[in-house]
Each structure stands twice: as C-alpha cells, then as structure tokens.
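After this come two complexes, each holding subunit A, first together with subunit B and then together with subunit C.
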Partner chain A sequence: MPTDLGSLLVQLFSGLSRAMMLFLVSSGLSLIFGVMNILNFAHAALWLLGGYITFSVYTALVEHYGVSFVFLVPAVVAGTLALFAIGLAIERTLIRRMYGRELPEQLLLTFALILIIGDLIRLFWGVQNRRIILPIEPLPILGTFMNPYLFVIMVIGLVVAGFLWWFLARTRTGKIVRAAVYSRDMVSALGIRIPIIYGLVYAMGVAIAALSAGVFLPIMPIGLGLDMDLIVQCFAVVVIGGFGSIVGTFVASLLVGIVYSFSILIWPGGALAIIFIILVAVLIWRPWGLFGTEMRF
Partner chain B sequence: MINGLYRKLDLSIRVLLVLAILFLLLPLLPGRFPLVVGTEILILGLLALSFNMIYGYMGQISFGHAAFFGLGAYTSALILRPLIEAGQLGYLGFFLALAAAVPISALGALIVGFFCVRLTGIYFAILSLAFGELLFYIVFSWYSFTKGDDGIQGLMPPFVFKSGVIYYYFTFAVVGITALLLRKISRSPFGYTLRMLRDNQNRTAFLGIDIRRVMLLNFVIAGAFAGLAGALWGPFQRSVSPALLGWHQSGVPVFMTLIGGAAHFAGPLVGSIIYTALNAYVTQFTSYWPLTIGLIILCVVLFLPGGLLSVIDIWVHRGRKADT
Partner chain C sequence: MENYEKSHGWDGLVKILERSMGRRDFIVTSAAAGLLALTPRFVRGATNEPYRIGVLLPSTGAGANYSERPIKGLPLIAAEINKRGGLLGKHPIELIFRDTQTKPDVGAREARSLILNEKVKTVIGSWSSAVAMAIQEIVHEYKVLHLAATSNSSKIVNENYTPYTFMFGPNSQMQSSATVVAVSRMIKEKGWKNYVTLGLDYEWGRDAQRVFVEELAKVSPEIELKKELWAKLGETDFTSYITAIMGLKPDFVFGAIAGRDNETFLQQAKAAGFFQRVVYPGVFLPVTELMQQRKTLPRGIVGINRCPFFAHMDQPLMKKYVDLYQAQFGKEDYPDDFACMYFDSLNGLDQAVTKAGTVETEAVRKAMTGATLDTCRGKLTFRDCNNQLDCASYLGEVVDVPEYPFPIFDLKTLIVVEGRDIWLPADCEDVRKLQKKRA
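Showing the complex of A and B:
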C-alpha cells in the first residue's frame, strides 16, 4: 500500500471527485423523494442513459471535427437536456399515476423502469463498455502522477452544488420546492400547482444526474450494470445524509466518496462492505439520517 | 361447477386443485421441454410463495429475497460437488444436500432479517436490496470457497432422479408439501398476526405482540423455504452461479407475485406459470427479455395491480349473491 504523500493526495482528490459525482446523482434522488415521496429506483439507470448520450454526442463531434476536449461541453449539455426532457416525459406519463398508490406498487414501477432503460441502452449501444479519452497530460504531483481532470470534476461539482443551493434558497420556485418537501398539502392549499412542481423536480433531479455522468465519463468507462452498483451507493448517501436534505447529501457524499477511495487503498474488496456497514448502522440508529427530519421517517 | 365441498373452498384452493391436476398430467405432453419448464415453474413458484409471506402477508417488499435462494443453491452445490467428484453420490448425499440448505438459508435470513425488520416500507426495501447485493458480492468475490464467477458446475441428482420425469414429480411432491405447509402457516394465528402487522403496525403493538419477533420469524421462514427452492434448483440446472443471489433474480418472485396476485395464496404460483412460460417462449425469439418483462410489469402495475387472480376473483363473484 503506497503511503507516500503524493499517492495519498491523489487518492484524496480521486475520492473528492467521486464524492462530487455521488453528490450530484444523489441530490436528485433525495430531492425527488423529499418532494414527491417516490423512491426513484431508476435514478441510476437514467444517470447511465445520460452518460451514454453524452458519449454518443462527443464521439460524433470528434469523428467530424477531430479530437478536442472542448467538445465535451456540448456533449454534456446535450446529455443533460435530453435527460431533462426524458425525465419530464417519464414523470408525466408514469410517475404521475403513482402518487396515490401503495408503496410497493411505486417501487415496482421504478424497478421495472430499471429493466426497461437498461435493456434499451443495450439495444442502442450494445454491451461494450464505453469511455472517452481526453487528450490531457498527467499532472506530476509530489512524486506521482494525477489526472488534472479530477480538478475539473470537483469544480463543476461545486458549481452545480452552488447552483442547486442558489436555486433552492434564493429563487421563488426553489423555495416552493423546499416548502413542498416540508408540507405538500399546504403548498397545494396555497394555490400552487403541485403537478408542475413535481415534473420540474423530477426532470431536474434526473438532468443533474445525467450531467454528472457526462462529466465523469473521461475518468470512468460506463457499461451495463453500472447503474445497480451506483444506486446502492446513492441509497447509502441519501440514507446517511437524510432524505430531502441537500446539505445532508453533500456531507454524506463526501463521507462515502472518501471512505470508498481510501478503502480501495487499504482493502480493495471491502470498499463496498465498509460503506454498507455505515449504511446499516445509520439505518438502525438514526434512520432519518444525519440531516433528515425525524417526522418524515 | 361441482357442488357441495367445492363450493366451500376459497379461490386459492380451487386454483391449487386445478393446477395440481394439470401439473400431474404435464408429462403427457411430448418432448423434454414441457418437463424442464414445468420443473422450473414449480421451483420458482416455491420461491415466489415464500416471497409472498413477506410481501402479501406481512406487507413489506423485499428486493433481496433471491439471496436466500442462492444461499440454498450454493449450500446444496457445495455438498454435492465433492460427493460427485469422489463418485460417492447417493440418495443419502442428495437428501442431505437438500436438507442442509434449509437451516443455512434460514440462518442467512436470521442475520439479514435481524436488521431489516427494524424498518418498514422504503427503508426495508432499500436494506433488503443492499443485503442482497452484499451477499451476491461475497459469493462473487470469495473465489477460494465458491469459485466466484465461474460458479459450481457438474451438479447432478443421483440415480433415478437423473430422469427428467422422476425429478419433475419429486419436485412436484416437495413443492406441493411445502406449499401446503405454507398455507397452514398462513391460516394459523401466526399468519393472521402477520396480516395484522401488514394492516396496522401500531395497533398490533398495542395488543402486546412483539412485532420484531413476529416479523423476524416470518422472514426466517420465508428465507428457509427460498433456500429449499434453491437447493432443488442446483441439481436441476446442473450448475449454480452467483447471479442466483443478484437483484435480477430477486425481481423474479416479485414479478411473479405481482402478475399472479399478492392477495391470494395461489397468486405467486399462478404468476410463476405465466412468468416462466412467457420467459421460455420469449427468449426463443429475442434476448431482450428484461425489456419485455419490464414493460409487462409496467402495464400490470398501472392497470392490474391486483394480478390475475384478483381479476378471476371478481369474475367468479360477479354471478354470486352477496358474499362476505
């Protein structure tokens, strides 16, 4: 196990960038549950879809105009917007019918969505893993090398987190969303059209997840089955942080991301197990998470 | 309809009687394929019946139930494989392998259930999924013990059971007996306590019932029967793999119960027939089975959440006078 400062630092940055991605995906999941009381099992599958769309757009641009990492920007934007639209469509056609239903039926619907989306991805993109190779020089840092793109991910993560905070804290719509987390009925009673809010929240949550997938693409190849890996980690993050709380999600993502990253160093097989143990511990002793509200549990 | 006794039986028993006759007559169909599908229907039907103890009777949805199925399968495989390699496979070894799967998977259910029953609803679902994935991951990674992704190959039932017909009737007997056992459990005071738990946990607690203990006991029973189903699966398929513990496999009993109807005892079995037959049929034409079943489940959840038996129930009762 490499213990020199350089390697540890690289591992830290790797963990932080992973934490950023986890945060972006999980914040959507947390918000959707907080506002709509629907556990979006298919969240990671939609994340994956966003990644694949970003990949296709980037590859198409590169084939026509040559390699340049600038092309990542329109690719990521395309993926985000596409998933915003898809999220809206899914919410209006499927999720909307589930609001009054029993919990198991809601879970089953989103579970079925995982299968459908996964197979549609397989239909359009095949079974091979996809990745993007960006022309970036490795950055020498304290005796070892690091991919400077990790900094880009961290910055983007912070920017989007900042945007999310600004949206929720400073805009009227955002405040409505926060109010809806607290009490759906009161918001509706005040004359605000809840279905529109729901559609917006779902689409936004999914779009942000797609953005994180696209941004993370140069670091990590995506493939089928990755969504199940991720959804368990997202559950861990959202449960530890508390459903509906963005701050909680942020803190929990940092925790899970860094723990995961350093576990890879110490005990590679046990990274998931450690996160899992934390998840179980939180579920037993404080099921509403670090920052969740007790009454929501 | 036959009068007298038949009239007094409820829908599930009627369905079970009809199915039993059909199952007994199945080997009359030509070829090996019906036998293979039939055995698969029976084993997975048992898995689904055990799942419904948690879902239909206790009201919680578990997305990690296949983990116990896989535990049972691996237990029987790990016992059978050395016996086969040593050429020592006999009836004793075979039944030992089947019998050993039950306590092992019950133990697994005890450990997992201990944590899961402390929660309900969404948290129960998430935790059961996470545990399922954890157990899958353990089996997948522990190469020295379970051979990981390679799985355990070359499993075989002994002597007469090698014959498809004999194994089919053996499975029918085992599944039939356990199904009757499960029915007995569901109609016992314990079973009604479960229904109470499903409908209103707080009230059940007020009555002085230890909720955690009841839920855990039910979870263990369900896990044990799932393990038995798994033990039958290994020699049938001639191999086991870690995928038997994964979330794909966990979805199978859930879908079966949904399709057949969770509110009726025979629902999961009916669902197993539909699901397995559909699977056997569709996979001949396309490899996009997850897409197919996903769409079917979507439609069932949206339009027919009570499953097939709920439709039949309404249809049967339409001609009757007012019933309780």
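Showing the complex of A and C:
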C-alpha cells in the first residue's frame, strides 16, 4: 500500500469524487421515495436519458458554433430542464396512479419504464457509446497526478447538496415537502395540494439525476445498460443513508465513496463486498437507515 | 414473402443503429442493399427450406458497443451468400437477431427460444464469454452448431468444451500469451521489476489475467506481481483504481478490460495522468476503439487486437469485407475486429456446408471439425481437439497514418503471434483431459 502523502491525498480525492457522483444520482431517488413512497426503479434510466439529451444538445451546439467546452453548461441546463419536464409528465400520467398501491405494482411500472426508455434511447441514439471530449489535462499534486475535472464534480455535488438543504430547510415549499414525509394526510388536511408537491418532487429528483449525467459526460461514456450498473450502488447508498433523508444520502455517499476508494488500496478483491457488508449491518442495526426516521419505516 | 420478412426485418434496426450517415444517404443505401438482398429470392427458381441462424449479440450492457458493426454487417454477408441461392445454392440464410443484454441467463433463454421456436440450425454469438458458456449448455443439449465469433474465454474450448462450438478468434489464453511475448521483450529491454494487474471481475477478465500472470512467471520468473485489482463488469468510475495503481508505482500494468468499460477506463486514465506515470502494454484495442477514440487515444501505447482489417488488406476476403461494408455504410466506417470475425464465421459455415454437401447439423459439424477455411486472415485451420481456430493475435504501437482517419497499429513493428505457437495446452491429449465429460 502506498504511504506517500500525494498518493493518499489523491486516493482521498478520488473517493470524494466517487461519493459526489453517487450523491448526485441517489439524492433524487431518496427524495422521491421519502416524500412520495414510490420506489422509482426507473431513476437511473431517466438519468441515462438526461445524459443522452445533454450529449445531443452539446453536439448540436458544437456543430453550429465550433468546439468549445463552454457549451457543456447550456447543454447540461437543457438536459436538466428537459428531464424536469419529462419527470413532471411521467408523474402526472403514470406515477400518480401508483400512490397507495403495493410495492410490486410500483416496481412493475417503473421496470416497464426502464424498458421503454431503453428502447427509446436505442431508437434515437443507437447502441454506440456517447461521450463529450474535453481537453482535460492531468493536474500535478505532490508528485502524482489527478484529473482536475473531479474537482468540478465535487463542487457541483456540494452545491446540489447545499441547494437541497436550503430548499428543504429554508423555503415554505421545502417545509411542506418535509411535512409530507411525516404525514401526507395531515398536510392534505391543511388544504395544501399534495399532487402539486408530488409532481414537483418527482420532477426535481429526476432533474438532479439528469444534471449529474450531463456533468459526468466528460469523464464517463454513456451507453445502454449503464443505468442498471449504477442503480444497485444508488440503492445501497439510499438504504444506508435512510430513504427520504438528503443528509443521510450525503453522509452515506461519503462513506461508500471513501471506504470503496481505500478498500481498493488495502483489500482490492473485497472493495464492493465491504460496501454491502456496511449495508447489511445498517439493515440489521437501523433498518430505516443512518438518518432515516423510524416512523416512516 | 414470410421468409424475406424474417431475414430482413432486422434492416429496421440496422437503420436505427446507423447514425453516422445523413438520413437521406442512409435511406438510399439501405433501400439499395435491401433490393440487392431481395432480388435473388425472386429470380431464382424453387428453393428448399431456408437455413435459419440465430444471432445472439448484446445491444445493451457492457458489450453493446462491440455489437454494432456485426449487427450491421452480417446481413450483407448473408445477402452475398443468398445471391447464389443460399447454402448449397438452395437454402437461403435467414438471420434472426436476439439481444442477450450481456447477461448469461438472458443469453441462455434466448438461445433456447431460437432453437425451439425459430428452429435455428446454428447459433452465432455472443460477446461475453459468460453468456457464451451459458449458450454452450443449450446448444449441446439440442445439438445445434454454435459459432463463437468473439466471446473468447479459453474455457469455451477447453473446460466447457462441446463439439458443437467453434471459436473464430484467438481465445483469452492465446491473447494473454501473445501479450506475454511482447511484455517479456520489454522486461528485458527496460529492466522492469514489478507490475500490477487490473481486470474486469468476470469470466473473461479472470481468465485473461490468470493466463498472463502464469505465462509471464514462466518466461520472466524474476518479475514480481505487486497487486491484483478487480473492477466489476460495468464499472462507471475507475478513478480510485487509477489513483491506486499510480500510488503503487509499478513498472507496468496489465489490463484485462474490454467493451464500454475499456473506453471508460482509457478516458478516465488519460485525464488522470495515468499514462504519464505508468506503462500500459497490451491494452485491448480493437478497431472499434481505434475509431471511436481517434481523438483521445494516447499515441505510442502498445495495444492488442484480434482481427484488424488494416493488417490484412492484402487478403482478398478482407478486401471484400471492407468494400461490402463501406459500400453500405460509407467510406469513413470500417468493419471492426468483431465484424470481421462474425463475417468469417458465416462464411466458414458456408464452406463447411459446401464440404458436407448437406445442411444436416451432424454432417456440417464433422466437416467443420479440423477444417481449413478461407478467412479474411488467410487460410486458417481448426484445431481438431477443441475447435479453436489457429489464428493470430496482433500487438502494435498506436500511430497515426495518412491512409486512415483514425490511428492504427504501426505495421512496420506489428507483432503477429500465431495461435499454434502459444496455445495451451500445447498437446491435444492434455486438452482432452481438461474438457468436461458431457453426456
């Protein structure tokens, strides 16, 4: 195992960036389940769709105006807004019919969405991997190198975490959303239109996922099936943190990202196993997750 | 007409897959190719039964990227054979495609469905070795031919052998041993002392890594393996692996990574300064990667591939493949390693049927066992004890050349390692000892 400061620091940064990637994808999943009690199995498929839309917008901008990494910003914004609209439409037309239904029915519907979204992607974008090429040069750090774009991911992860905290803790809508986590009937009895809140939460959760997909494109090619590779780890993070708890998702992402990163140095064969050992331990000790609430469980 | 629809329904998906050409160009070329394939059906006289072939390839999952060109190109080869009436001039080929999703259970289910419902006589595919081994159980049960065009774990032809499976590319052991040939030369030249391996944690990755480590220990016993790293198939973030390897400061790294994961790894490794710190010889770089990563692939790295068209443009069959493919999909696109091996498998089947004089499966299997085939890589012979084609692995330095719009392997220094020189076990008696005793 390397013991020099540079290598350890870079390993820590790589763990932090992995953590922020997991947080960006998982936070929407946690929010949707926490507020709406909907297990959105299609979350990663919508994440993938957001990535493809971002890719197409970026490609179109580059074709019209020439190559510039600045175009990534409007492309990511467009992808995020598009998925916000798509999320709203899905919630209004499909998901709303699932409120109060049994979990297997929710899983069936959201699994069907995975297949539909997958085929739509195949139809419009084909099976080739897609990615955005940016002229990223390695950054020298204490005698070793690091991908500087990882800092961009870390900053965006922190900004999204901060935004979600502000939204849920400091805004009236956020407070209603939090109240709905505890008792949707009481919120409804106060004359607040729960369906609007649900639509907003679902669209916001999906939009955050789309944002992350766009942000990852310069370091991660996207392709069909990637959603299924990602969703398992996201569920692990959300279960460890506690469904519905953004703080829990954030802490769990940090835990998973950093533990995974250093496990590769110490026990590479068991890096993934350690994550699932933590998951099992949490499920036994606190089935509602580290920061979840027992009453929802 | 029903036959025609079955064999050409895939044209629709091919159109969807083809995104690099303009819509109008593509419609015109697709229509032309469709007519080309259709014409012989109506001009020839009465035909016998069609010969149905199931093609099992992933259009989702880690291997989807490598399936595009075989899916696009196989109908062209089938149409060529059908121009003369099909196999033996009277059995037109029908291709029935199924998506394995790069999952063994799905691959096995689809293989069974193809055999029982579609009555296919041959199954071609798949990409993942784990899927191919699941398919082997099914083809052996139903006594159907299986042409493993690209999945290449050595277990397919050794431990999991069935006489119905034929492998058209170098297997993982041959590929790893070929890398050993190149790496052992570099160890001597550069005085390397230690290395690290990074593999995908599934059948092919484990097999390729194991063979490399074992074979390298035989030729360079002084070299130390510092660490074995395993990433899951479908890994999305290799950063922690990359930084860990750089921290370990090995003299070189052996990688057993393929598919989308390979693209992800190379993209993340380059941005992280990996290639400035670590030598990475023997990275799997099929023509697919050379084309797709033309802008970002580090020049000068030493890669390995299985069937590069650029090394065999002197072979009439390879030239024919390239011409056929480009006539349909444009001059900028080339058939990759996988497409060429799939084309060889279909043409190989045609040759075996001709030799057998019948499409009856047992006769075709016997004709193909130990047969010498005309392939795009020249005349190649199947090893009769395990149905492994005696084909080469190609190692070379990634360089830009004026002839192609993407980098290729430097043809001046290309190392071609022939299959018979490195395959293991070298003795057929030992191969038979490894093979599963099947009912």
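We adopt the following convention: the second predicted complex is superposed on the first by the 284 of 297 C-alpha atoms of A that agree within 3 Å, B and C clash if a C-alpha of one lies under 4 Å from a C-alpha of the other, contacts with A are read in each partner's own complex, and residues count from 1 in each chain.
Keep this in mind: contacts are C-beta pairs under 8 Å (C-beta built on N, C-alpha and C of every residue); 3 or more make two chains touch, one makes a residue touch a chain.
Just so it is clear, the structure is predicted and the values come from calculations on it, not from any experiment.
Once both complexes are superposed on subunit A, the partners subunit B and subunit C clash. Looking at the shared chain after the overlay, A:239 reaches subunit B, while subunit C stays out of its contact range.
Of the two partner chains placed by superposition, subunit B and subunit C are both touched by A:272.
Using the contact criterion defined above for the overlaid structures, shared-chain residue A:103 touches subunit B, although it does not reach subunit C.
With both structures placed on the common chain, the touch criterion links A:118 to subunit B and to subunit C. Contact with neither subunit B nor subunit C is seen for A:88 once the two complexes are overlaid on the shared chain. Once the two complexes are laid over each other on the shared chain, residue contacts for A:77 go to neither subunit B nor subunit C. Ranking subunit B and subunit C by residues of subunit A touched puts C first. In the superposition on chain A, A:192 contacts neither subunit B nor subunit C.
Once the two complexes are overlaid on the shared chain, A:168 sits clear of subunit B and of subunit C alike. Residues 118, 122-123, 228, 269, 272 of subunit A lie in contact with subunit B in one complex and with subunit C in the other. Interface residues of subunit B, counted against subunit A in their complex, comprise 55, 61, 63, 115, 118-119, 121-123, 125-127, 129-130, 133-134, 137, 141, 247, 251, 254, 258, 288, 290-291, 293-295, 297-298, 301-302, 305.
On the side of subunit A, the complex with subunit C involves touching residues 2, 4, 7-8, 10-11, 13-15, 17-18, 21, 118, 122-123, 125-129, 131, 133, 136-140, 144-150, 216, 219-221, 223-226, 228-230, 260-261, 264-265, 268-269, 272. Every residue of subunit A that touches subunit B in the complex is listed here, in rising order: 33, 39, 94, 97, 101-105, 107-109, 111-116, 118-120, 122-123, 228, 232, 235-236, 239, 269, 272-273, 276, 279-280, 283-284, 287.
Residue ranges of subunit C in contact with subunit A, taken from their complex: 16-19, 58-62, 64-65, 67-68, 101-102, 227-230, 232, 234-237, 239-244, 246-249, 260, 263-264, 267-268, 271-274, 276-277, 292, 295-296.
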